[in-house]
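You will see chain A twice below: alongside chain B first, and alongside chain C after that.
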Partner chain A sequence: MHKALVIDPDKCTSCLQCEMACSFEHEGVFNPAKSRIKIFEFEHGKRSIPYTCTQCAEAWCMHACPVEAITVNLSTGAKEVNPDVCVGCKVCTIACPFGTVNYESDSGKVAKCDLCGGDPQCAEVCPTDAITYVEADWTGYDKMRDSAVRAHS
Partner chain B sequence: MSNYLILGAGPAGVIAAETLRKVDPSGSVTLIGDEPEAPYSRMALPYMLAENVGESGTHLRHGERHFDKLGIDIRQGRVNALDVGARSVALSDGSSVGYDKLLIATGSHTIRPPIPGMDLAGVENCWTLEDARKIAARAKPGSRVTLMGAGFIGCIVLEALAARNVDLTVIERDDRMLPRMMDNTGGQMIRRWCESKGVRVLVNTAVQGVSKSGEQLVLELAGGESLEADLVVCATGVKPNVDFLENTGIRVEDGIIVDNRLCTSVPNVFAAGDVAQGPDRTTGRQEVHAIQPTASEHGRIAARNMAGVDTPYGGSLSMNVLNTLGLVSSSFGAWDGVSGGSSTNAVDTLGYKYLRLEFEDDYLVGALALGLTQHVGVIRGLMQTRVPLGKWKARLIRDPHQLMSAYLECTQGVIA
Partner chain C sequence: MSWQRKILRVDLTKGEITQEPLNMEWANEYIGERGLATKYLWENMDPTVDAMSPGNVLIFATGPLTGTMASTSGRYAVVTKGPLTGAIACSNSGGKFGAELKFAGYDMLILEGKSPAPVYLHINNGEVEIRPADQIWGSTVWNTEEWLKSHHQDPQMKVASIGIAGENGVRYACVVNDLHRAAGRSGVGAVMGSKNLKAIAVRGTVGVKIDKDPKAFMDVVKDTHQMLADNAGRKGLTKYGTNAMLTSMQKFGGLPTHNFQEVQFEGADKIDARAMMKPNDSGHVNLITNKACFGCTIACGRIAHIDKDHFTIVNRKEYWHASGGLEYETAFALGSVCGIDDIDAATFAGYLMNEHGMDPISFGVTLACAMELYEKGAITKEDTGGVELKFGNPEALTIMAEKTGTYEGFGQDIGLGSKRLAEKYGHPELAMVVKGQEFAGYDSRALQGMGLGYVTSNRGACHLKHDVFAEDMEDTGHTGKAKPCKDSQDNIAAIDSTGLCIFTTAAWGLGDFARQINAACEGDWSEDRVRECGERTWNLERQFNLKAGLTKADDTLPKRLLEDPVPTGTAKGNVHALDKMLPEYYELRGWGDDGVPTPDTLKRLGLS
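Moving on to the complex of A and B:
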């Protein structure tokens, strides 16, 4: 069983540490706009939820890629974009029904969560454990993911 | 042991072959393509033309001896005829190949307008790898290039030609760019954007013929103007490759009619990808959706059903995403609205941003977006889950940019 990012929105304070850590890890800059995990606020900030790729079993992005630029990392289960192969066609960005693959105009490629190769920085820095990286079967996370997948199939 | 035959080595055929190998490891899988190339993606050709990738960057698979290792027998050949009684296809070299289960994934071919001169050297399509090589040889910096057709394919090619620093003119017969993917607001915005980047765009313009004057090609336009060009690229449409199916009893309309198992009207014969006219997830009608995500879904689901793993298909969704000289646009489903539906939009003319949403009852059924690159996939998510929008419909009508919030609350169930 692969570990998974488990998100508990009730614990999120919208501090954006996860976005900072993600953008720094992947782009070398502290810039929430370049983060692959995003915080969405509701009711003027009273509630917030961190949102990113669930590495879904369906892997709509991976199957839709015309040049095999998205592949599974067998050690983490993450669907990873290989920027050397990605041509920037953006088909994955419309194929993913979760909206978690985004086109980055600076690089001309797409970007998505890759679980930082097994040490996701968003979970590492989250001060309230709203984002944790744990064995997925401990958490009921699969249930949540399954319901999302069912809704999409 | 089942004997599977797949016609067509594009994405639908290749994904079907790989899926068959997975679900029926003992079956024999033969894949026949008619081009002398490793299986490649037409979608990637513009990126090769733009010199972002080399030829191998267009290949569907990169692993060394990928198909050999999987035990998939790839052959080059062109199919002349199908005999569904004898379960055999005749190839143009005179040989024939038998099957237990057949997948037709023969894709589509380009069509050119019936005007004089379309067969001249220097009038090219941009459809095959060989076409792309010919265009690359002629489209040099400063070359005068005329692109006929500003549809989806035309606009991808436009991007690639512009990257080669050619002197570019685009001619579209319709009243706007992308007439089948964009409404007037979006189409005009893309046109203005292209013009601001130095591309000449002629809409409402028909080409009456092409002739040769010395080394130059000359296009005669309706209205009397003529245009000189070093290269004419024709992107005026494609049609499914179904000619070899005449007299087989396989039902063909716009494409090959398939049910929700991707089976044709003839048992043991399946069809997938651009050539198939299959269920549309939102309308329930059978439509040809000649797009990459449909090809990949069709290929996978057809293969599972061919191998006897009953797998119904929820249907494809018409959608496209395009980059026109840096302006990203996308379209989904019934973007032009449905009768009795409701609509909303947000336009930022100077900022080149546009978002249009179409609703039927409580559901999102179509959308257009310009300048949207973040979380655009949730439009598909909202449409295909058919989740009732509830209070979010009124909110979206007030502010279409609330899409992501609407999606999170309506579909993910992570908020109480």
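Moving on to the complex of A and C:
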């Protein structure tokens, strides 16, 4: 079964370790500007919300790509960009309803989360478990359990 | 190699921007950040010039580990000559600004001269511009950041700026970055204001690379992260923040109260870490969440909000939002030392410190001094513009915080700092300062090692440049404390030079910093080498101060702490034993009994 990233913004402290781990894994450099996961801060840091690609089953980006640069990794379910094929037309960035595919002007290609081939580094380094990597069919399990407790206490 | 090997130098008088290579020889001797900036300051200015004159140099410096995955890698230091003390000022800050400066491709920023008109510096990787600040001069820190982000259409930009206090030369004005993190102490914001520089706005997308051995670096990082994750002290910081200290200091009897007349405060449990987490009578809870600086896996920062029904903000909706909450030093300075037990008033005063760009420690202790002068009749209601400046009056706290921040009325006097204020009103003995800088939240008589640290700190009274806490808690006497004071000063000078935060010392020893530097920087970095860099930095700071005109006579405490016994607590009856500790300290340092490093010491450290 595939796994998916689960994000719990209430736990996020905005340390950006995940952004650094992402850029280090993909580009070999600590550079939040190159991270495929982003933390958004609101109200002087009252909330910090991590956001990245959810790996849609029928991915708009993949279908929109005119040169088939985006393909499914069958072992992880991730939609991966093949940089050798990508022509940098940016149609996928328009097609994605969530904004999680982005163009990088230095390479002339797009970049998106690829689940690091099944070992997502953001989840690995997150010190608060705001990002976890769990069975895709049970991403709601923890939240469901918490709700159950709330409903019956 | 995690350096960018590049410095940005800005001559504000001429409006010239130049780039130069980082001096790697100096980096090898001083590590980076605090130490390296001290060396650059020493080489670039005459220490005798007035701190507020164009001849002063203002340096923003990152460390070799700033912007890496090492935990707490967001630190940068602001180093200059301080207007409160006339000594070297070295203030460091977290948040996200420091890492962004490094990501833009610069290790250090050197600001010289004085701009003929108000300006801000805009750095977008290699594009650097000095731009007119007409539209933000006179604005708060918060409005400045908002204006810059929207004007440049860059929500990801990071900003360090000064408020109205810094523009007007409030002696302890600070530099605030990311809304509520600050290079807080020693008036570095006043120096920035004296240069007509309102803000530095940075966007960096170059990143930081480890050339030496990325794999080895990541292995050390993983290990040191785990040490922090497992550490009990770290867990306490995450849960309670630094304000857990208030409870300990209250119990021990070292919590400065009523301008250091007492060491225990009746209302302590109303402003401590637990009070922040407890619902008040109408169900409002002060603390919302905790928050990290860049790269930090501790997250001791507090995000709080003020009860909307509280008198301070009931009619001021613009403050109904969350922001940085109380930490130990703010809880003491905006609380116990002024006799204030109103958590909402203290939190609001904390907001104002950030919004207007002021050091809460120096502000609070100056206000406490003014309150004592008021109660003695040396300051009158006419002077204060009708404000009842009594200990315990939360309105006096918040009105004065605002008036000082906006530089109006009696706020201009509070903006002088305790030393100048107490002199002006005829009672210099009531200023709770060393070298003109206010004490932090620990009484020297109860914590003798801390007292020696205050006295010998090169930036004036400061709790962050040494660590004799464990020894002080164990024993209220003075013996055996000069050595740990000296040793910890050297260690911390080294740690402050790495780009990391000293709160990691909850879990890490100096060797853990050394192995992170060793994995990232060229050459072999042993613990001993790192320690020696710290000692070198400490001695160079001392040399700067001596050249600036400070002498052994400045290494002293106010009479109150040397003569009046502690009234209560564990150390009841103690005065500070400075005369016994200082000669031992000088000797350990390899300084003469005049407090001057001997030629041998300078030679040993490569400073002659």
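The definition used in the following text is that the second predicted complex is superposed on the first by the 140 of 153 C-alpha atoms of A that agree within 3 Å, B and C clash if a C-alpha of one lies under 4 Å from a C-alpha of the other, contacts with A are read in each partner's own complex, and residues count from 1 in each chain.
As a working rule, a contact is a pair of C-beta atoms (placed from the backbone, for glycine too) under 8 Å apart; a residue touches a chain by one contact, two chains touch by 3 or more.
Nothing here was measured: the structure is a model prediction, and the numbers come from that model.
*Asks:* Comparing chain C with chain B, which touches more residues belonging to chain A?
*Replies:* Comparing touch counts on chain A for chain B and chain C gives B.
*Asks:* Using the superposition on chain A described above, determine whether A:Thr132 touches chain B (first), chain C (second), both, or neither.
*Replies:* Once the two structures are laid over each other on A, A:Thr132 reaches no partner at all.
*Asks:* Quick check on the superposed pair: does A:Gly88 touch chain B, chain C, both, or neither? Answer first, second, both or neither.
*Replies:* First partner only, chain B.
*Asks:* Look at A:Gln55 in the shared chain and tell me whether it touches chain B only, chain C only, both, or neither; answer first, second, both or neither.
*Replies:* Neither: A:Gln55 stays clear of chain B and chain C.
*Asks:* By the touch definition at the top of the document, which applies to A:Thr76: first (chain B), second (chain C), both, or neither?
*Replies:* A:Thr76 sits against neither chain B nor chain C.
*Asks:* Could you say whether A:Gln121 touches chain B, chain C, both of them, or neither, answering first, second, both or neither?
*Replies:* Neither partner.
*Asks:* Let me test your reading of the model: by the given contact rule, A:Lys34 touches which partner, first (chain B), second (chain C), both or neither?
*Replies:* second
*Asks:* Which of the two partners, first being chain B and second being chain C, lies in contact with A:Lys46: first, second, both, or neither?
*Replies:* second
*Asks:* Do chain B and chain C land on any of the same chain A residues, and which?
*Replies:* Touching chain B in the first complex and chain C in the second, no residue of chain A appears in both lists.
*Asks:* What residues of chain B sit close enough to touch chain A in their complex?
*Replies:* 11, 15, 41, 43-44, 47, 52-53, 57-62, 291-293, 296-297, 300, 314, 319-321, 323, 326, 328, 330, 332, 373-381, 384-385, 387, 404-405, 407-409, 411-415
*Asks:* List the residues on chain C that touch chain A in their complex, please.
*Replies:* The contact residues of chain C facing chain A are 67-69, 71, 96, 103, 156, 179-180, 204-210, 214, 218, 225, 229, 288-297, 299, 301, 303, 305, 321-324.
*Asks:* Please give the residue numbers of chain A that touch chain C in the complex, ascending.
*Replies:* The contact residues of chain A facing chain C are 10, 13-17, 20-21, 23-24, 27-34, 43-46, 48, 125, 127-128.
*Asks:* What does chain A use to touch chain B in their complex?
*Replies:* Per the touch definition, chain A meets chain B at residues 7, 9, 38, 40, 42, 47, 49, 51, 60, 63-64, 66-68, 85, 87-91, 93-105, 108, 144, 147-148, 151-153.
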